[in-house]
Amino acid sequence: MITQIRFYGGIHPSEGKVSNKEDIINAPLQELYTVPLQQHIGAPAKMVVQKGDHVLRGQLLGEPGGFVSAAVHSPTSGTVKDVTTCLGPAGATLPAVVIESDGEDKAADPLPPFENWQDADPAALKARVGEAGIVGMGGATFPTFVKLSPPPNVKIDTIILDGVECEPCLTADHRLMLETPEKIVKGAQIIGRILGVKRIIIAIELNKPDAIETMTKAAEGTGVEVAPLVVRYPQGAEKQLIYALTGRKVPSGGLPAAVGCVVSNVGTTAAIYEAVCLGKPLYERVTTVTGTPVVKPGNYRFRVGTLYRTALELCGGVSEDPAKIISGGPMMGMAVYSLDIPVMKGTSGILLLSRDELVQYSPSACLRCGRCNDVCPMSMMPGILSAQIEHQKFELAEKWHVMDCIECGSCAYICPAGRPLVQHMRRAKAVVNAKKRAAAAAAAAAAKK
Amino acid sequence: MIDVVMLTVVGVLMALAIGLVVKYFGAKADPLAEKLGELMPGANCGGCGFAGCGDYANAMATGKAKPGNCPSMSDDTLKKICELLGVQAEKGEPKVAVVCCSGDDHHTTRVAFYNGVNDCLNAMMVAGGAKGCTYGCLGLGSCARACPFGAIEILPTHVAKVHPDLCKGCGKCVSVCPRKVIKLVPRAAAAVNVYCNSPEKAPVKKKVCSGGCIGCRKCMKAAGENQILINGFLASVNYENPPAESVTEVCPMKCLRKAD
Amino acid sequence: MTEQTIKMPDMSQLVVSSSPHYHDRDSVRKIMFKVIGALTPAALASVYFFGWRALMVILLCMVSCAAFEALFTRMMGRESALNDGSALLTGMLLGMNLPVTVPVWMCIVGSLAAIGLGKMVYGGLGGNPFNPALVGRVALLVGCPAAMTTWVKPSGCGFAKWVDAATGATPLALIAQCDATSGATRQAADAVAQQYPSVLDLFIGNCGGSLGETCAVALIIGGIFLICVNIIRWQVPVCYIGTVALFTGIAYAFHPCAHFNPLLHILSGGLMLGAFFMATDMVTTPLNRKGSVVFAVGCGVLTSVIRLWGSYPEGVSFSILIMNALTPLIDKFTAGRPFGVMKVGRRASSKEIEAEKNPTKK
Amino acid sequence: MREYLLLIVGAVLVNNFVLSRILGICPFLGVSKRLETALGMGGAVIFVMTLSGLVTSLCNKFLLVPLHLEYMRTILFILVIAALVQIVEVLLQRFSLTLYKALGIYLPLITTNCAVLGSAIICATEDAFKGAIFKSTVFCSASAVGFALALVLFASVRERLELSRIPRSFQGPSIALVTAGILALAFSGFAGLGA
């Protein structure tokens, strides 16, 4: 049994996980798929098909455009109708390939499956993860291949599977754990094989007792441990999760690898299993469509490139007009204004909020109540920081550790003055990062001279 | 009498003490940098590329920078500084900022209600702002707040406008604009500008804005050779060879306009 | 389900904003009215002991504070912040810090000082470094010490007319008097002590003093309510009162004839009101818990020092104001290091990471 | 011992030079924008005031009084203080150029700082200090600590004020004066302490 350490701060938003009893439904085949070439953090994928080409399901559309990048595969068979751009959930315009389905959904030759992954070369397994275009499916969309390539001087000793799903409303990971536990356990063992690590922990919050039971059963005899965790947001945040399970603190500005851990989402882990044992690249994922206005909230296995509009139609539309449409969960998701956004590898949920649930941020001054201080899991001072940022004192904010913010939203959730604290932090981080980049570029230019 | 003597004696003693301290602990300041600093305009606008007037003065004094990069310095001052430094005066070409967007409330569509911090960078990070065009001016006034000369105004129709007579061409607005809508162009050639920043295809652009450049090339044909450049679907003025003002009449979108 | 029945959302009224999209729905207004509610028992007790004029004083302060706030926001061209209730709270606290005999004009001038000088010149709620109600009270106290220290003995029979009550010194004025005789004999001290109200009277508020500070039991009830609804931190009143008890206790232990026993000290004067409602004011006190404790202890030390050795009988207002001035410093030095930051301003060294990696090895 | 304790408490808190005697307001408003400069200024004033207390009381006891030149007091004291400030300036420029720059004009202005001259004159005139050189020095030093304390307190408050939305007409010196007034009100609570 793993003893859990309580991390500082955190909140208890209402869970709203109404769709946790809904089985995962495979979404029917669509006529058109808009597949963005950048579904991950890093460089966009380089397109390898042309307009008019015929492609098969699982065929490569774009190859990685750099080290931190990921491959993109076709969600179905059909023709490349157009090479265009589409709107991403963050509002950026992304390069995209539009696939017109031929209705046959013919699969391309799968990548050769590893029959005996237990004995396979770890490097080959890792290469497969890269080939299959797997990225972190919890929302961060960091290319998994890169995550599994720690620097040589770092020794990884623990793998943590994130089945916490601390975001309210989302149930995709929960259902995945209930329905395909063995895939997750095997996927975890594959990661263990790649990194040469024995200790694997699956972290699940106590509000999912059925998942804990199922996963424990599936993990029996494999050496994989299941750790039930107290329900507290943001329990699923990488740094807090590692701390809760191992007592190690990821240093400021560092990656989990710095303390010998690798954290992987359960969805990602299942995808790794499929890529290695079935030779199936990542072109579909489980997404929760939910919210009060949605007629039939549920969990769907969407092909990448399905538009939000289609997703919503599958759920029977809405019963009332929503005030907000969110890509992701209510705490960290992004508000969008269009339904012509495709489901991507990192889309964990589509959430609609009704007018009653809408909370408007206000420009009022900080009351200095200190609640943000009490809930900040990074023990920062969001109140003081936001005032500094409001007065454009970015250097001061950097001194007060604004760069450590994980944008979990606990502070803005609790703020009685309704200040958009997270937004302030984001701005400061963007400004500081831009300044750092500019300084680095200047230094590089000076070095060239 | 005795009072004068006493005062003199104490004065001499004190002078001696100061002299000793200076001799053993004295530091040498750079008098050149100090003199330059006094001459600087003191706007601290950063247009020279340094952190402020003092920083620039120091850089000039140590020979790390040349005079003439300051956008808000009068010619007289520049001459004085050059004399101090013993170099030839050379001033950069005067520039002016232009907001390359026609996307005010009458032209562009509003796709959502933005709720949050009143800052362009912030708005852009939330679903790309609430205007239909994802390349245009967001109209929240980050540039106006950054301008040290008060030369930028946010019109009631939510688009930024530069007042060329107040603008010194320091480029602060260019660096804060998250959409890179504001461009610094040679003042002498800034009579005609293309007020659009979107590289999108014409139909996409037309859907979200009725004032954007559709890349019809009419202006290119009407103007002299190499006076208007077309890059993809977006025309731009060649500021090295600016077209005559009459060319604005051919633009069907009223996107190629005289500077206002 | 047929195609027609599917209703798709109307996209024209969507709101976009930064995450998070959930909120716990608490607001400044709710907080302010909860504090006003928590003050109500003490206000009612003051009406019971001092008569209807007490109600008049409190209401007058509340109304004039609200009026000044409205006036100043208007002059500043800002949006009215009246409905957040903070001006009403300031008025109520100010009223409860005045004696029942205070003239009407002083209520209004006090409100002007509180809202104008204490709050609006700093840009309204959130910007003021000093507690506005205390600024008003101290301005009046320094300006018109006579009117501010004329106390009446409560009639004790409830809702009486104030004019019937006899004037009398507050317990703390008596203590000061006692201190003055500290060189004198035991008998002199005893003579003063005889005039002193009993602990029970102090506890229920049957003694002279400002309106809101007499009834300890009502203030404690209000304070406990605020602790329960998570508006104030329990550490503040506990540390404040505890420090005062400790210091006056030490003084009492050394000079029992010169000083009063700590129980009388903590029950008299504005200590209860200050500890539960002023030293816990959100805007003017430190942000985090550690800072709050430092603040409360500092208030306690200063209050004891002024009470025991100063020429003013009461030190609560002064000490809280002085600690308000120290708040930014306390904030600066109690700011904890964020998660994963090894030492302020420094990235972790590999050795420290090793230590953090194996917390059990130490 | 008790006497000196009371003297120090009195000089630091009760009769604080800035908040109670209203002396030395110029640097109090001038260099209190940032905590670092306030600390530097406080340190410089402590140095100058302690030394000037020592030197002026020596001058007073061994020059002015024996020679019956009391009427020369002000001019002699200013001379001594000016020289001391010069020394501080040279030292600061050498050892902390940033602080030297941050203090700017206020550093030479310590010369005309009425707090420094005030403390020297109090020591020379008040009966309690007549001829007591050590006591005078302690008093001057404690007064300077009081000045530094007020300056640091005030600077920390002003740093916070930079983050609030002060109406435009009150920004800058006016809000500083209002704050100083309230701080003085708060310090009036120490009245009678140590008496």
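Chains: A, B, C and D, in written order; residue numbering restarts at 1 for each.
Going forward, a contact is a pair of C-beta atoms (placed from the backbone, for glycine too) under 8 Å apart; a residue touches a chain by one contact, two chains touch by 3 or more.
Since the structure is predicted, the reported quantities are computational estimates derived from the model, not experimental observations.
Peer 1: Between A-C and B-C, which chain pair is linked by more C-beta pairs in contact?
Peer 2: Of the two interfaces, A-C and B-C, more C-beta pairs touch across A-C.
Peer 1: Determine the centre-to-centre distance between chain B and chain C, using the mean Cα coordinates as centres, and give it in whole Å.
Peer 2: 50
Peer 1: Provide the C-alpha centroid distance between chain A and chain B, rounded to the nearest whole angstrom.
Peer 2: Centre-to-centre distance between chain A and chain B: 39 Å.
Peer 1: In angstrom, rounded to a whole number, how far apart do the mean CA points of chain C and chain D lie?
Peer 2: Comparing mean C-alpha positions, chain D is 33 Å from chain C.
Peer 1: Could you pull out the residues of chain D that touch at least 2 other chains?
Peer 2: 164-165
Peer 1: Can you list the chain B residues in contact with two or more other chains?
Peer 2: Only 111-112, 115-117, 122, 125-127, 130 qualify.
Peer 1: Chain A: which residues touch two or more other chains?
Peer 2: 334-338, 360-361, 365, 384, 390, 420, 423, 426
Peer 1: Does the chain-touch network form a line, ring, star, complete graph or other?
Peer 2: Looks like everything touches everything, fully connected.
Peer 1: Would you pull the chain D residues touching chain A in the complex into a rising list?
Peer 2: Checking each residue of chain D against chain A gives 162-165.
Peer 1: Going by the contact rule at the top, pick out the chain B residues touching chain D in the complex.
Peer 2: Within the complex, chain B touches chain D at residues 2-3, 6-7, 10-11, 14-15, 17-18, 21-22, 25-27, 29.
Peer 1: Applying the document's contact rule, which stretches of chain A touch chain D when the two form their complex?
Peer 2: The contact residues of chain A facing chain D are 365, 384, 387-388, 390-391, 393.
Peer 1: Note which residues of chain A are touching chain B in the complex, please.
Peer 2: 85, 87, 89-93, 334-338, 360-361, 363, 390, 392, 420, 423-424, 426-427, 430-431
Peer 1: Can you name the residues of chain B that touch chain A in the complex?
Peer 2: Chain B reaches chain A through residues 111-112, 115-119, 121-122, 124-130, 134, 145, 200.
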